[in-house]
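Chain naming follows the written order as A, B, C and D, and within any one chain the residues start at number 1.
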Amino acid sequence: MDAQKYLNEIKGRFPGTADAAPERIKDGVPALLCPAPFLFEIVKYLKAEGFNYLMDLCATDYRDSLEVIYHFCALETNVKLTVKVRLDREKPELASITPLYPGADWQEREAFDLLGINFPGHPDLKNLLLPCGWEGHPLRKDYSRKPDQYD
Amino acid sequence: MTENTLKDKDGFETMYLNMGPQHPSTHGVLRLGLVLDGEVIIKAEPDIGYLHRGMEKLAESRTYQANIAMSDRFDYVTSMNNNFVTALAVEKLLGVEIPKRAQYLRILMAELNRVVNHILFFGFFAMDLGATTALIFGFREREEALELFESVCGARLTYNYFRVGGVSRDLPAGFIEKAGNFVKMMRSRLKDYDDLVTGNVIFQDRSVGIGRISKEDVLAYSLSGPVMRASGIKYDIRKDDTYSVYREFDFEVPVRENGDCFDRYMMRMLELREALKIIEQVLIKLEPGEILAKVPKIIKPPAGEAYVRTESPKGELALYLVSDGTANPYRLHLRAPSFINLQILQKILTGVKVADVIAILGSIDITLGEVDR
Amino acid sequence: MNAYILKILRGFWSLLVGMKVTLKYFFKKPVTVQYPYEKREIAPVWRGILNQLCDAKGVELCDGCQICGRICPVQCISMEVYKDPADNKRKTSSYIVDFGRCMFCGLCVEACPKKCLVHTTDYVLVSYERAGMVLGKDKLVKR
Amino acid sequence: MGILLDEAPYILENFPGGGIVITSADWFINWSRANSLWPLTFGLACCAFEMISANMSKYDLDRFGVFPRPTPRQADLIFVAGTLTKKMAPRLKKLYDQMGEPKYVISMGSCSNTGGPFYDSYAVVKGVDKVIPVDVYVAGCPPRPENLIEGIKKLQEKIKKDTIKNNGRAKIFK
């Protein structure tokens, strides 16, 4: 468990970070729950520590809050680490990590499009998959839609 | 295609070229907005979502088994690999042990599908560069492979072969012989492919040195699969972060250094040979046994989440699955290799001649079903 | 200049090598199946149009348990069930499958407890209107 | 050609023996139309691969005079092969409008027939016939290439029943 070392280091450095319910995560990858304002700094730290590959970025709606999940990997040592952020459902805002990992560009746009999470600092945040002018965010659990002429 | 002229900030006339969504060479319904200065691209902007079917939302209203059936339609060229990752994720949540024979059958099917995908890549890439014969040859071999799939699972494209805890059907009589013949035939056909396309000077002129992707870009843009390995990073999830029983098989991870279109093409041709090698080994190792573990009829994994990575022919195919203890997944997110590999287009198309767009797009090997989901 | 000519010659040679491959297949038997006249062999496990089986006397085996309809991911199977007063058994008065929507996944066949729902190797279903793809009992039940 | 074909039936009807001319003209025109269906290469999703297979070596749609064209201006048949999404629907309509008359549509596979596996999706059009008129539906998910050939044969049957009397004025006043 090499990644645990980084986890403890981060927990010491950034107050408010904690382990994210390890009993929920079945694959045994250490996960970190961090407060939204620190995210950019933590990711910056992780990148400097050798987590050079962003495997995946996605978001989930947990009815009371939104959760953004980052899966990082250090390709040389094959150490994996998950970072989770809980966001307010009404006004979800999270610093964009696209300046650090350009590969996060479309994944953040996808989260913006389908779950309505705002990423300040993103170079070009606009909808990606849905047509222009689509109302609502389909991946939210309470999404409902009026039938249109195509239904 | 619509064309119009715009003036950029220095007063030079540029042209906006709208390529797609209906274009014979964009591999589906991809739209590219290209700003051109003469023949050179100043800015390229891929516009996706023309095949966005909302599959991640639909997954939340389907059972786990139905989700495996739906996963055939994520990337319809590599359905078996999609089945594989979905089944693995559910099994990780459930914590079931898979019988040995089922493991081998899964790998056999996944590798056969890798062969099919790379044959198709060969055909379409050569077609994009102007060689029609290659596509006709490619589809001839693909039909042979599809016949194998059809005899096992009863469909040509949407297999729905994997079950939670194993596979749905055992091999029919004579399959091993037929598959062995297919591997032998494929080996001899690969020589034809090399004579026909790889050694062709026109083909090389149009692909060598075109669309270089550096190592740094690969990491920054999280590229994966053959695109990554063509740029000199030796990382294959089957070897480095192994899953299922891949560690029992002996195969190489080919690497190329230049990262141009030709290297990405060669990567697939080399991987195809490795996949054939794995198929041969599986056919020898297969032993009679159970093909389905004991799982409840209605699958209700305990609450939790799992992230499973696999190596699909297109790259790193991963699934993030959240269960809340009911019969339907709470959230299913696919890390689609095509979706993430496609992002690099914005960067590498800048400064490229418009004739090379198709070559570069073809060499990345995307399926729009997976890009848009 | 020399390199230029050399390249042309090399290109010409590679062209000849490619032509040799095509020439090799020129004299072989064509792979094309002349479809309407000769048909390809379909695998017996082919997931085609659904059929309902009957027993030896021609009585339907289906007892209207509705499992196939519930398990169908696209809900293309619908049926009406009644209780036959003669032998006090459940039976279906109508059994409709919308093949316009069916995704041919085979989950219904696997779930059928009576094993009376089967896929046939029949794959041809074309029609001029949507309703032509909705098949009822008259087409589905195999006596 | 257009005016000649549009007006000829009404003029010919007034002459003795004109009916024979019309029927033989019908036969000839329908024969040539039915055997040179040029489809637009319009692949959307999974079914596109079965459509390409049907065009390739094993099935070879060229035998039926079906030869894919990359632009709608040269095409008179469109295979809607795959899922039509709401983002794509206006584009399909535009492509269809660009095709010259007479034009035919084959809806291929469950997705384009009724929405199929995505029947309850927020982003999918529930059947191509909500956007453009469909002549032949081919069922399957995806249909085998043989099934697609059956669909083309069915379309040819439909074309062969057509008459030039349905052109021009009849079409306008219908």
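Methods note: contacts are C-beta pairs under 8 Å (C-beta built on N, C-alpha and C of every residue); 3 or more make two chains touch, one makes a residue touch a chain.
Bear in mind the structure is a predicted one, so any value in this text is a computation, not a measurement.
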item: Selected interface, B-C versus B-D, where C-beta contact pairs are more numerous; value: B-D
item: Chain whose Cα centroid lies at the greatest distance from that of chain A; value: D
item: Centre-to-centre distance between chain D and chain B (centres being mean Cα positions), rounded to whole Å; value: 32
item: Inter-chain centre distance, chain A versus chain B - centres from mean C-alpha coordinates, in Å; value: 25
item: Multi-partner residues of chain A (at least 2 other chains); value: 130-131, 138, 143
item: Chain D, residues touching no fewer than two other chains; value: 57-58, 87, 117, 122-123, 141, 144
item: For chain B, residues contacting two or more additional chains; value: 49, 52, 54, 57, 70, 140, 143, 158, 372
item: Arrangement of touching chains [line / ring / star / complete / other]; value: other
item: Inter-chain touch pairs (all); value: A-B, A-D, B-C, B-D, C-D
item: Partner chain B, residues of chain A touching it in the complex; value: 23-27, 29, 52-56, 58, 60-61, 69, 71, 75, 78, 82, 101-107, 114, 127-131, 138-139, 143
item: Chain D residues touching chain B - in the complex, by the definition given at the top; value: 40-46, 48-50, 52-53, 56-58, 70, 72, 82-83, 85, 87-88, 91, 95, 117-118, 120-124, 141-142, 144
item: Chain A partner contacts - residues on chain D that touch it in the complex; value: 86-87, 89, 122-123, 125-126, 130-131
item: In the complex with chain C, residue positions of chain B that touch it; value: 62-63, 65-66, 69-70, 133, 140, 143, 147, 150-155, 158, 160, 168-169, 172, 192, 195-197, 199-202
item: Contact set on chain D toward chain C in their complex; value: 57-60, 63, 110, 113-117, 119, 127, 129, 135-141, 143-147, 149-151, 153-154, 158
